[in-house]
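Following this line, the structures themselves.
You will see two complexes here that share chain A, one where it goes with chain B and one where it goes with chain C.
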Partner chain A sequence: MQSLTNRKKVIEQKPMNIWERMYLPAIAKGLSITLRHFFKKNNTIQYPEEVRPYSKNFRGRHSLKRDEQGRERCTACGLCALSCPAEAITMVAAERKKGEEHLYREEKYAAVYEINMLRCIFCGLCEEACPKEAIYLDGPHVTAEYVRKDFIYGKDKLLEPRFDITKLNEKE
Partner chain B sequence: MEVAFILEKLILVVIVFVITLVIAMYSTLAERKVAGFMQDRYGPNRAGIGGILQPLCDGGKFFFKEEIIPAGAHKVLFVLGPVLAIVTACISSAIIPWGQSLNINGREISLQVADVNIGVLYIFGVIALGVYGIMLGGWASNNKFSLLGAIRAASQSISYEIAMGLALISLLMVTGTLQLGDIVRQQSGFVNWNIWVQPLGFLIFMTCAFAECNRVPFDLPECETELVGGYHTEYSSMKLGLYMFSEYINMFVSSALMASLYFGGYNFPFMDQLDLSQNWITIIGVIVFFLKIFGFIFFFMWVRWTLPRFRYDQLMHLGWKILIPLAITNIVLTGVITLIKDSYLQ
Partner chain C sequence: MADEVVKFKVTIDGIPVEVEPGTTILNAARKIGGDIVPPAMCYYSKLEGSGGKCRTCLVKVTKGSDKDPRPMPKLVASCRTTVMDGMEVQNITSPEVVEARKGVVEILLINHPLDCPICDQAGECKLQDLGYEHGAQNTRYEFERRTFDPISLGDKIQLHMNRCILCYRCVYVANQLTGEREHGVLYRGDHSEISTYIEKALDKDFIGNVIDVCPVGALTDKTFRFKNRVWFTKPVNAHRDCPTCSGKVTLWYKGEEVLRVTARKDEYGEVEDFICDTCRFEKKNTSDWVLEAPTQVDKESVIGANHYLQFNPPSVIKENKKLQAANAEQLQRTEPLK
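Our next item is the complex of A and B:
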């Protein structure tokens, strides 16, 4: 058949000569290859001790943010839940009482805020929808659990721990 | 028979036995480590520092596994199979000369359990017995896959024993003795090693040793990547462990045999020029011997992670049509060369 490209190569299968049929040179060659790999540095990342670095824009676990005074930013408007294509977010809103101003930034806050990590597709639409800059997907990836209900993360797991803004600035 | 002699031999037997078991135990770890390094990964490294406790974990796991004896199995033979396998693996270490003799308070203590004058024949007897462990285990488990695996194993061992024996005959023509202690003693220094006069014989012997130990590329009896499990399909718990263990003991013993038959055993270069006492020479000799053994064990593993397995007809082809004629040629060549040397080059 006519070759359309000139890259065609006709391979001729010659019968092996005595040297090749002994297989010993081939075995020696194979052994040398495996020995070379024996002394090669390996690329295993020893997971729990050593973590592969995340990329800068990696979308991992969500965290609910606090403002400079350590108050929760979330006002339970529900835009994140509305924007969520996987319908993974639910919340129950509550009104801020007197004397709770140091806890919640706005007059309304989320008493319950739950994300089902099995439903979540980590698209980041919630963080785009949030008008209060209260939710970011800046955590590591979601770890394994034994039962399904443990994948529904409540505020205990999502809420960012309190931090001292002055010390944070010092560190930088 | 004096009491001291019996005591001395008993201590030696216990030491050899313990060393054999410990080395076999750590060969399992070494195998997985070597496999890891050759495939650019670490191998087991979680149990203890660098995985040093891994063999203990594996052994412990075997003990806690459920013990299953299948219905319809011949109970006595089913239990006897792995026992026979490990006993035959262990007893062949009795005649290996681990070193020269130690001189303690004017008493010569030979580091060889029994220097029998039919040493090489004894090895063959024991190796031939090793087939029974596999064959009985496969037959007694009342399972067609086990029986098929056992038949494969038995025919492989029997085929390669012939070539192995023929390869050794040409070695015996050179050494002129069956006594293993004498064979090693003749190879003192470096130039007297039998590998220099019997390279082809060594190659055949080593190939057959691979086949006798059921190691890759001759691991068709077990064939874990494609068969149900070979002759030990029905075995569980420590009985399976014993089969696996006996494979590693066989590997250790055949490494020791190859080192002492062809690579000078405890002899090392310039051993006569060193101005050391007899005891020191012996101790260094033992260390050198074990280094040689470890070298061979590493080679066993190295080959395992390099070569693919033979097909069954290729196995038989290699054994009957290549190794046996080659071994016979080697015998004839050795005879001719010995004759020429003796009659013309005196």
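Our next item is the complex of A and C:
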């Protein structure tokens, strides 16, 4: 049959000659390639110790942010859960009591806030939906776990640790 | 000899409609329905005397009537202006009306705190819809908004005076439905606020209806306070044999639990029947009610998200006994890990 394109190449198969049948030269050639790679730059890195530079808009683990006074920004409005295409987010709201003003910014806060990392597709829609700038996907990768239930991250894992912004320069 | 019923012919945005004399422009527009219905924040068809306060329903009358075809000099509030024969009205086709409504929304929002993420009304709030459809994107107001502390009107109703737009609907409810009104509007002008003297508890029967008529989140159900967001709950129509009211309500379910009971609302957010406080606050078990059908939700409403039209939607993962029996050993092994 005539080919549609003329890119077809007919390969001729000839019996090997004595030089090829000796095999040793071919082995030496192969080993030389292997040896040459010892002196080349390594393409892999030792991951947890070394980290490659990430893109600025990399979306990793979520973190719940605090405001400049260290209060939780999240007000449990449920817009992240509503926007979540994977339905990974659940929350239970509670009312701020008198005397808790230093803990929560608004009069309502999330008493329970859970993200199922197995469901999450890291699309970042929760980040976009948040009216309080309370959630950002700025963390590292979600690490492996042994049990499925450990992938449900609660506030203990998600909430940003407190830090005093006034002491930021003292440390350095 | 029976008098022939006189009907006035009105044209609203080019759509003719025949209505009885004495009908307001707003009600004539509602008879047509659709996009040309002016929004209303204070007018409530079930409450006598309501309307004329918020000015969101402004329309332009381009022709007064057949007898006097001069246009009206200013935009008129359609909830208070009655129709004349041969009247021609412009609502969304008039750029002047659209511009004026934008201004009205801006003024309504001057003292509104915009705490929608916290507010329980968010998702079924008329002011939210109005702001979304007619308002500007940013506020130009740079001064401090007036603020009040939340007040408990009894143990069932929470008043957030910050959010109030002074539509007076709740005052009319108390006047017309309950025996005695205990709350009202205090002070005047910019200082006006809804309150009760010495923060007296409201405990008249039917007073819970102030929650339903409130177009914003100023009066909210304390038994539902911060329980859940409106759009995560599933509305179901139900009824019960109630000695004091019609007993026709909407139950708002989250899973198996009834979080809230409200009256049934029509497309303009007005209740069909006012319900009594026993139905609203005390009957929160499925066993108290006869379920009818899931409530029809407007397809553009956020409440329609994940809204099923059948009572028990099929589960996502089917339970397969055969598969479970075949994998019994593996399932056994994962059991202690759970």
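Please note the rule applied: the second predicted complex is superposed on the first by the 156 of 172 C-alpha atoms of A that agree within 3 Å, B and C clash if a C-alpha of one lies under 4 Å from a C-alpha of the other, contacts with A are read in each partner's own complex, and residues count from 1 in each chain.
Note that in this section a residue touches a chain if its C-beta (ideal position, glycine included) is under 8 Å from a C-beta of that chain, and two chains touch if they have at least 3 such contacts.
All values derive from a computational prediction rather than experimental measurement.
In the model built by aligning both structures on chain A, chain B fits alongside chain C without clashing.
In the superposition on chain A, A:P25 makes contact with neither chain B nor chain C.
When the shared chain is aligned, chain C comes close enough to touch A:P131, but chain B does not. By the touch criterion defined above, A:V147 reaches chain C but does not reach chain B. For the superposed model, the angle subtended at the Cα centre of chain A by chain B and chain C works out to 160 degrees in steps of 10. In the superposition on chain A, A:L35 makes contact with chain B only, not with chain C. Touched residues of chain A were counted for both chain B and chain C, and C has more of them. After overlaying the two complexes on the shared chain, residue contacts for A:N43 are found with chain B alone; chain C is out of touch. In the composite built from the two structures, the nearest CA pair linking chain B and chain C is 23 Å apart.
Residues common to the contacts of chain A with chain B and with chain C across the two structures: none. Of all residues in chain C, those touching chain A in their complex are 115-118, 122, 150, 225-229, 231-232, 302, 305, 337-338.
Residues 27, 30-31, 33-35, 37-40, 42-44, 46 of chain A touch chain B in their complex. The touching residues of chain B, counted against chain A in their complex, run 34, 36-42, 302-303, 305-307.
Touching chain C in their complex are the following residues of chain A: 75-79, 81-82, 93-95, 106-108, 131-132, 146-147, 149.
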